[in-house]
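Okay, so chain A shows up in both of these, paired with chain B first and chain C after.
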Partner chain A sequence: MRTAWIALGLASVFVATFALAQGAADKRRSGYQDMGEALQKMQDDDTANPGMLFVQLGEQLFGRPAGAANKSCADCHGAGSMKGVAARYPAIPKDADKPVDLEGRINLCRTANQRAEPLAPESRDLLSLEAYVAFQSRGQPIAPPSDPRLAPFRAQGAEIYRRRQGQLNLSCAICHDDNAGKKLAGVTIPQAHPTGYPIYRLEWQALGSLKRRLRNCLIGLRAEAYAYDAPEYVALELYLMDRAKGMLLEAPGVRP
Partner chain B sequence: MVRAGPLAVLLALAAPAAWAQQGPRDVVVVEGDAIPEPLATRPGDAARGRAIVANRSVGLCLLCHSGPIPEERFQGTLAPSLAGAGARWSVGQLRLRIVDGARLNPDTIMPPYYRTTGLRRVARTFEGKTILTAEQVEDVVAYLATLKE
Partner chain C sequence: MTNVLINAPKTARPGEIVEIKALILHPMETGFRPGTNGRIIPRNIIERFTATWNGAEIFRMEMSPAIAANPFVSFFAVATESGTIGLRWTGDQGFLVEEQVAIAVG
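== the complex of A and B ==
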């Protein structure tokens, strides 16, 4: 496994270079490209990227039996079977009619297949499993499913993204579409592509999900953040993934 | 008190409870592109206003604007510099721009500092409160008026 990581680590350096060379017509930039060189190096180097410790932990959890079914994730999902999965979530699970994000999907397996308690939002175990799964899509293009049932949820996400909210009366689009690249105080406003999640954020001193990032922005607007299990986040994530379609995943990302 | 010129608009503002006893104006009269009358009885203080503008969690101004406040290293590039604002605008014009810039430009990204209506999903801690109090708006206006160049 260790060698595989090193190989993938090297691959990610090329991936980063490739992302930069995405083509002049495509103006999209990952938040990675807006960071300083030191942080880019930290993300690229698997021995320095703190997110890799969670990937490692996630790998252990993946193989550990849990719940009344006493089954591990690995009992159902063979080695390498998680490749590309993170690139297509959120998605609508079989026999369901509403989309779930990757964390929701992991918890669905916990409750339905392992018959265990769902893992708490932002808990170490949930983030580690997510990091382990997402890591296997590193370097893959974001590929939202073409499922037409997703369209209304994605449209809801787009509407939330464009609507002004909070005491400061700002929208996501105002900062991330209209003013990306400019400085908010000292910080370069990124384009808000969900390429690196879950990320290790130095400010948090922890791994965190896209949801946690979205909550931070909402709190910044002095808007009431949605509850962790709110469908609004899944809708926003659907929209953001669609907006970033074709960009390469780089999980676990590092951010300031 | 209401001078209804052809351009006059009435802004009815809910009075934040915290300073209701100080007798805030719950009706602000806009004339043309200005609010000629102060919002508070206490006159604005430029030094206090400068501190509000410089403060990242009170005025928030330097998140977007730059300004002649050299000790604050990280300033925004989303909005014009505040330098010279006092030469470009009268006190009344500055007051309206702080209170509710959307009155002049509906697409403005500048937050409405003295308005509680027409906002969505305001966090509970800020619900019904204006970003700045009437006194703070007056302090900020007094400071901006000193920025002649």
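== the complex of A and C ==
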């Protein structure tokens, strides 16, 4: 009798864990699933998605020589060879000890290999190159690298994500974990998975990076946004990419 | 620099109604916004979009400052004969972009 109870107990624990694991996997939603049908169609149609204009620009920039080395990106990487790259950034580049995000990596390549001026943050050229690279990973699962050196930075990102900030004294987690799916002024609060970056946000009427989105949220909290080159963004991006591990990239995304 | 995305069918049956969609990269600066230096950013919009089928105008549109950046235009036409569809955007500061796509009717 007693063994039967234990067996039943174990079985229910197993079922509960399984359901939890399943539930956790099912509960993650890309912002894409929470927007209207018209916007979803806009994103899916490559001739209606304004992000594709920038992918096109990025493709041209990729093949154009720049800097004192007079080399183009394509001279080293070959056109269309960046599949899966966006799915694993931020990462620690060779011979470095700090992680960089995709934009940081592009600028690193520019300064070190092309010997050109780094592109300004949120400039059209930088976003276009990023869009072109990210577009090649469309449909690929987000795959953060298992590099153990990333762990402290990821932990820092998680800490920032849970830290209360700004005059509203809110953390990222309060909205995007605890209250995701509910409404904030008529808008569904998304779970904040970085699946579509760089995104074409209709409110911006332009392409923007995850950094710009994070700054937006910080300003919304009435916190002081970090400077564009702050390591806090990379830490947050690392944490968010890890949180969205396995979700499919949809760059360039369209968002309201 | 290519900065236009056009979506038009390559073939059509005679008399078929076809949809032509065009997206163009343009800031559509309204002329009402002050820049970071406090001065008004001069207006820079696309004023006019026209489409032709073998040279004959089939669609015309006047744009205004209230239209968002990177305007997307979609319109319909009846396919009558094979040839080229010409798209033309003109606007402030000498803006001019012309694109052509071929369509086979038969």
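To be clear about the criterion, the second predicted complex is superposed on the first by the 231 of 256 C-alpha atoms of A that agree within 3 Å, B and C clash if a C-alpha of one lies under 4 Å from a C-alpha of the other, contacts with A are read in each partner's own complex, and residues count from 1 in each chain.
Convention: contacts are C-beta pairs under 8 Å (C-beta built on N, C-alpha and C of every residue); 3 or more make two chains touch, one makes a residue touch a chain.
Keep in mind that this is a model prediction, so the values were computed, not measured.
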Inset, instruction - Could you tell me whether chain B and chain C fit or clash when both sit on chain A in the superposition? - result: fit
Inset, instruction - Figure out whether A:186 sits in contact with chain B (first) or chain C (second), or with both, or with neither. - result: first
Inset, instruction - For A:47, decide between first (touching chain B), second (touching chain C), both and neither. - result: second
Inset, instruction - With the two complexes superposed on chain A, say which partner A:223 touches: chain B (first), chain C (second), both, or neither. - result: first
Inset, instruction - Between chain B and chain C, point out the one touching more chain A residues. - result: B
Legend entry - Touched partner set for A:168, first chain B, second chain C, both or neither: first
Inset, instruction - For A:68, select first, second, both or neither according to whether it touches chain B, chain C, the two together, or no partner. - result: neither
Legend entry - Minimum Cα separation, chain C to chain B, after superposition on A (Å): 18
Legend entry - Touching residues on chain C, where the partner in the complex is chain A: 1-3, 5-7, 21, 23-25, 28, 68-70, 72
Inset, instruction - Enumerate the contact residues on chain B facing chain A in the complex. - result: 56, 60, 62-64, 73-78, 102, 109, 111-112, 119-124, 126, 129, 131
Legend entry - chain A to chain B touching residues, read off their complex: 163-170, 174, 178-179, 182-187, 219, 222-225
Legend entry - Contact set on chain A toward chain C in their complex: 45-48, 50, 52-54, 56-57, 60, 202, 205-206
